C-alpha cells in the first residue's frame, strides 16, 4: 500500500518528470510523444486514488520544505482540490494525445520545447490543486503563468509577442500588485498562511475591510478573467489549439476559478461571507461579466475567439457560484469545474481539428462542411449541449445546482441571469453545427484529420455524456466539502 | 597558532586582501597576480565565515588595535550587524575574482593587470575595513581607500569607452564631496563630545539633546553617507560609473559598494544615534522615507526608458537602494531586518545580473544594448537561464531570494504604516517587470541579425551559476539571512522596539 | 592672547580674499598659484593654532607637491576656463543653505581655546600622560599618529599607495585595448 | 616643456642642483628620524626626499631622473613601505598581541614602542616619497593623446 | 579706575568672543566657496581646485577645535603645568591632508586623460560629445536590426 504522501508526490511529480525527460528525447520523437500520455495516466491514477481517500474521509497532507519561520511549502488534498486535480490530470491524457496529433499534423516548429512547457503547466496546475497554504498556491500560480508564456508565444511572430506581452502583463501584474499583498494581508491578520475548511478570517478581520480584501483577491486572480481583466484570454488565442485547450479547459482558467473558490470557501469561509455580505458586489460583477461576454461571443466570427468569450462567461458561473455563499451554489460551482472542462475541451479539440484538417478558423467558412467531417461536428454538437446544460449531458447537473443555490440565497435575479445566458449560449454555440449541417457548401475542400486528433475528441465527447450518469462520486465529494463547512 | 588566528580574525579579514594588494602590484605575471588575488579573497571569505561563527558565540567582538583600550585607540567592532555586510563583501569579492579571470585580460592591457588587481584588492579591503571599524574617523580613511581604488577601476573602462573617464571623474569628485561632508559632520560631533569612537560617541551625545551642533553634525554625516550610498537624488554618479566600468568591476561595485555605505547609514541612524530620538524619527519620516519612494519610482522609470543594458541595471540599482532605505525609514525592528535581508539579497541579484550582461558583452565584443541582445538566449543557454532566474528574483517572485526580501519588507510596512506603502512597493516592483521583460523578450524571442556561434566558457559562468544557485537557495531556505537580519535589527534598535 | 586671535583673524581674512579671487579668476595659472598661496596661508594659520606638525605637512604637501602636480598637469591643459553658460543659482543656493546651517550651529560649538571643553578633557589627557610614560616620545603628535592611532596612519599610507598605483595605471600603459583586440573576437560571427 | 627640457644646459641650475641634492636628502632624513622629538615624521620627510629627486628630474630631464632612480625600484619601494608598516603589525600579531601593538617588539614596552614607531615612520616615509616621485614622473611623462 | 579696568576686561572678552566666532564663520564661508567651486563650476580643473579649498577649510575647522588659549604645541617639555594644545585633531588632519593630496593627484590624472580623449575639460562640451556617442551606439545597433528584418 502506498502512503498518501507518496501518492501526492507521484501525482504532482509525474508531469514534472515528463517535463524534465522530454528534452533528452528530442531526437526520438516517438518516445518523446508517448511520454506525455504515460505521465498523464500515472498522475490520473494518483489523482483517483487521492480522490477515493478523500471520499473515505482522509485528508492527505505533505510538508515539503520550510523556507523561514511560518513560511513553508506544503500540500493538502481538499475535496475541492481533489476535483480539480482529477480534472487536470485526466484531461491531460487526452490533451497530450491530441497535441501530438496537432503538432505533427500542423508540422509546427520547436515541438520539444512545446511539450516541455506543456508538462510544466500541468505540473503547476496540479500543485495549485493540492496547495496546502497560500504561499504554495501563489508560487505555483506564478509558475503556471510563466510556463504557459512560451506556449502562448509559440509562433514567435509579432502577433504572438504582442499577445504574450498582454498575457504576462495582466497575469503577472495583477498577481504581484494585488494577489500578493492580499495574501500578505491575510498573513498579517491571521499570523499564518494556512487555510482551513471553514475560512480563517472570521474574527480576525474587521468585517468592514473584508470587501476590500476580497476585491484584492478577486482582481488579483487574473486567471479567473472577470471583466476588467479578461483581455488576456482572447489575446492568448494566438497559441496553437492544444494550448488553447489547456488554457481554457484544463489548466490556466480552471486554476483561476479554483483559486477563487478556494479563497472564497477556505480563506473567507461561506458562513463569514453570508454573514457579512462581503461578496454581494461580486455576485453582480460576475453576473455582469457572464452576460456581457455571452453577448460579445455572438459577434465573434473567429471560432476560437468565440469559444474564448464563452469560456469567460462560463468561468463567471463558477465565480458566481462561490460568491452566492450558499452550500448548494458552491457544490454547483465545483461541479461546473468538471463539466465545463470536459465540454470545453471537446469544443477546442474540434476547433483544432477543423484547423488542422481543413485550415479553417472562421465560423462563416464552415457552411456545409458537416458532411465532410461528421464525427467532429457531432462531437461539437454534444459538447455544446453540455455547455448549454441540456440533459442528458454533464453540464445540466452543475447548472441545476447553481440555480438551486441562487434560490437558496435568495437571488432571484441571478436565476434570471442564468436563464438568459443559457439562451445566449445556445444561440452562439448552436450556430456552428447548424451552419455545418444545414447551410449550403460554398467551396469544396480536401479534409484530412489525423486519427490522433479524432480519437481524443470523441473520448472527451463521450465523457461529457458519461458525466451525466456517473456524477455521484463527484457530488459526494462536493457534499463532503459543503458538510464540513 | 589557531588561538592567534581566532583572536585576530577581525583584523585579518581586512589585512588579507590589503597586504596582498601590496604584493600583487609587484608581480608582472597575469595569471599569478590573478591567482594571488583569488587566494586572498578566498581566505578573506573563509575568515568571514569563521567570524560569523565567533559572532554566534560571543555576540559582539571588540578588537583594540595596537592594544589601546577603545576610546583611546581605534576599535574594530564585529557584531551581528556588521557581519552581514562583511559576508556580502567577501563572498561577492571571491566570486567576482573568479569571474574576472577572463574579463580583465580582455579589457585591460597586460602591463596594467597586476596593478588593476592590486586596486581591486584595495577596493575590497577598503569596504571590509569600512564596515568593521568602530571609529568614526577611521571609517573615513577606509572610505577613501575603497573609493579611490574604485574610481581608478572605473576609469580602466576607458580602454573600451572613453566615457568611463568622465564617469570616474564624477564618481571621484562627488564621492570626495560626500566624504568631506562626512568629515565635517564627524568634526562637529568631535568638537562637542571630544571622542571619535562610535560607541563612546553614542553615550556622550545623550546629554546633548537639542544641541545645534549635534543636529548639524548628524545632518552632515548623513548627507555625506547618502552621497556615497547613492540615495536619490544624490545618485547621479552611480549609473555611469557602473555602466562604463570594466565588466568585472561593474559586478563588484554593483554588488558591494553601496551596501557598505547603506550599512554605515544604518549604523549612524540607529547605533550612534537612537531610534527613539525625535531627531532620528523626523529624519526618517520627513527625509529618508519620501526620498526612498522617489528613488523607487525614479530609478525604475529611468530603467524602463534606457536602452543600454548596463545603465539600465544601474538605474534599477538606484530603485533597489530605495527599497533598502525605505525599510530603514519605516524604522521598526521588522522593517530594519527587512532592509538587511534585501541588502544581502540585492547583492546576490544585482551581482548575477551584471555578471550575465557583462559576459554577454564579452562574447559579442561590444556594448550590450537592447537591440543587440536579440536571440542570444538560445546561443548562450546557461547565461540566459541564470539571467532569467535572477530577473525573477529581482521582481520578487517566490522561490527566489528576492521574494523573501519583498515579503518581509511588505509585511513590515503593512504592520507599521498601513497598506499604502506596501502597495507602492508592489507597484514599483511590478513596473520593474517591464524593463526586465524587455530584456528577456529580446534575448528569447527576437531574431538575431547574424548567426552568432558562442561557446560558453566554464570559468566565466561558474560564478554566475553559483550566485544563481544562492539566489534560489536563499529563496528556499532563508532562515540564515532572516535570522541574522532579525538579530542585527534587534542589536540596532534594541529589544524594546 | 588677543594678539594671537587677531593674527588669526587677519590670516583667515586673507584666505577669504584668496577664496573670492578664486571665484573670479578664469585663468588657470592664477588659479594654481592662488591655491598654492591658500595652502601656505593655511599653514601659517596652523602654526598660530599650535599645530606645527600640520603646518609642516600642509606646507610641504599642500603647497609643495600639490602645486607641482597642478603645474605639471597644467602643461597639457587649456590655459583658460570657459564662461559658465548655465545658471549657477542652484549650486549657490545649496551652498548658502549648508553655510547657513553651519553658522546657525556655530553658537553651540565650544568657544575657541577653552580648556574646559570636552574635546580637551576627554581622551587627550591620556595621550599626554601616555606619551610621556608609556611611549616615551616627546612629540605627542608622533606618538598618537604612530601608536595610539597607528592604524589610521596605516590606512593613510595605503591611501597614498592606492593613489600612486591608480595614477600609474591611468597615465601609463593607456593604449586602447579595444582597438588591439577587435580582430580577436571571442564569439565567432559569421 | 621646452624650457623644462633645456634646463640642464644652464650651468647655474645644474651645479646648484648637484650641490643641493645631498643636503635635501639629508634634511629629509633628519626630519624622518627627528620626528619623535620635534615636528616632522614620515610624511614630511617623504615629501622632502621626493622633492630632491623631483628637482633633479626638473633640471636634468625625466630620462636622467629615471636613470638616477629607475621606475622598477620606485614601484618596489612604493609597495615595500606599506609592507614594512603592515609587517610590523603582523609581527606583533605573531608575537601574540594585537595588530600594531609595539610593546612586544622590544625588551621593554617603551623600547618596543620606540622600535615600532621608528619602523612604521620609515615605512610611511618610503611609501610617501616613492609615491610622490611616481606621481611626478607619471604626470610629466604623460603623453597627451593629441601629441601622438 | 575701577570702572575702566572692568570695561577693559569686558572689551577684551567681547573682542575675543567675536573674533572666536569670526574665525568659525570665515572658515565656514571658505568651505562654502570651495564647495561652490566644486558643484557650481563646469571646468574639471576648477572643480579639483575647489575640492582642495573645501578640504583645506575643513582642516582649519578641526585645528581650530584643537587650539587651547595659552597652550603650546603638543611637544612635551620638562616644565610643569604646561598646557598643550590638543594633539588629536592634528593627527587627524595630518591623515586628512595626505588623503586630500591623493584625491587631488587621482583627479588631476583623470583630467589629463579626459583632456587627451575629448580635447576639452569643460563639462558641457563633454556631455554633449557623450550624448552624441550614446545615441550613435543605440542607433547603429538599431540600423543593423532593420536591415536584417528587410
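Letters A, B, C, D and E mark the chains in the order given here, with residues in each chain numbered from 1 onward.
One rule holds for everything that comes next: contacts are C-beta pairs under 8 Å (C-beta built on N, C-alpha and C of every residue); 3 or more make two chains touch, one makes a residue touch a chain.
As the structure is a computational prediction, the values presented were derived from the model and not from experiment.
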Touching both chain C and chain E: give me those chains, sorted by label.
-> B, D
By Cα-centroid distance to the whole-protein Cα centroid, the innermost chain is B
Chains joined by the largest number of C-beta pairs are C-E
Per Cα centroids, the chain farthest from chain C = A
Could you give the separation in Å between the centres of chain B and chain D, each centre being the mean of its C-alpha atoms?
-> 36
So, in whole Å, the Cα centroid of chain A is separated from that of chain E by 68
Interchain centroid distance [CA atoms averaged], chain D/chain E, Å = 26
Chain B-chain E separation of Cα centroids, rounded to whole Å | 27
Among the residues of chain D, which ones contact at least 2 other chains?
-> 37-39, 43, 75, 78-79, 82, 86, 89, 99-100, 102, 128, 135, 138-139, 142, 144
Which chain B residues touch at least two other chains?
-> 18, 22, 25, 65-66, 68, 137, 141, 144, 148, 151-152, 155, 158, 184, 190-191, 450
Chain C: which residues touch two or more other chains?
-> 52-53, 57, 61, 65, 69, 73, 76, 102, 106-107, 109-110, 119-120, 123-124, 127, 138-139, 141, 145, 147, 149-153, 155-156, 158-163, 165-168, 170-172, 174
Pairs of chains, among all present, that meet the touch criterion = A-B, B-C, B-D, B-E, C-D, C-E, D-E
Using the touch definition up top, name the residues of chain B that touch chain E in the complex.
-> 137, 140-141, 144, 148, 151-152, 155, 158, 162-163, 165-166, 168-169, 172-173, 176-177, 180, 183-184, 187, 190-191, 196, 307-308, 367, 369, 371-372, 374, 447, 449-450
Of chain C, residues touching chain B in the complex = 101-102, 104-110, 117-124, 126-127, 130, 147-152, 155-156, 158-159, 161-163, 165-166, 168-170, 172-178, 180-182, 185-190
Any idea which chain E residues touch chain D in the complex?
-> 73, 75, 94, 97-98, 105, 108-109, 112, 115-117, 119
Would you pull the chain E residues touching chain C in the complex into a rising list?
-> 12, 15-17, 19-37, 39-43, 45-46, 49-50, 52-53, 56-57, 59-60, 63-77, 83-95, 97-106, 108-113, 115-116, 120-122, 124
Show which residues of chain E lie in contact with chain B when the two form their complex.
-> 31, 35, 38-39, 44, 47-48, 51, 54-55, 58, 61-62, 65, 88-89, 92, 95-96, 99, 102-103, 106-107, 110-111, 113-114, 117-118, 126-127, 130, 133-134, 137-138, 141-142, 144-145, 147-148
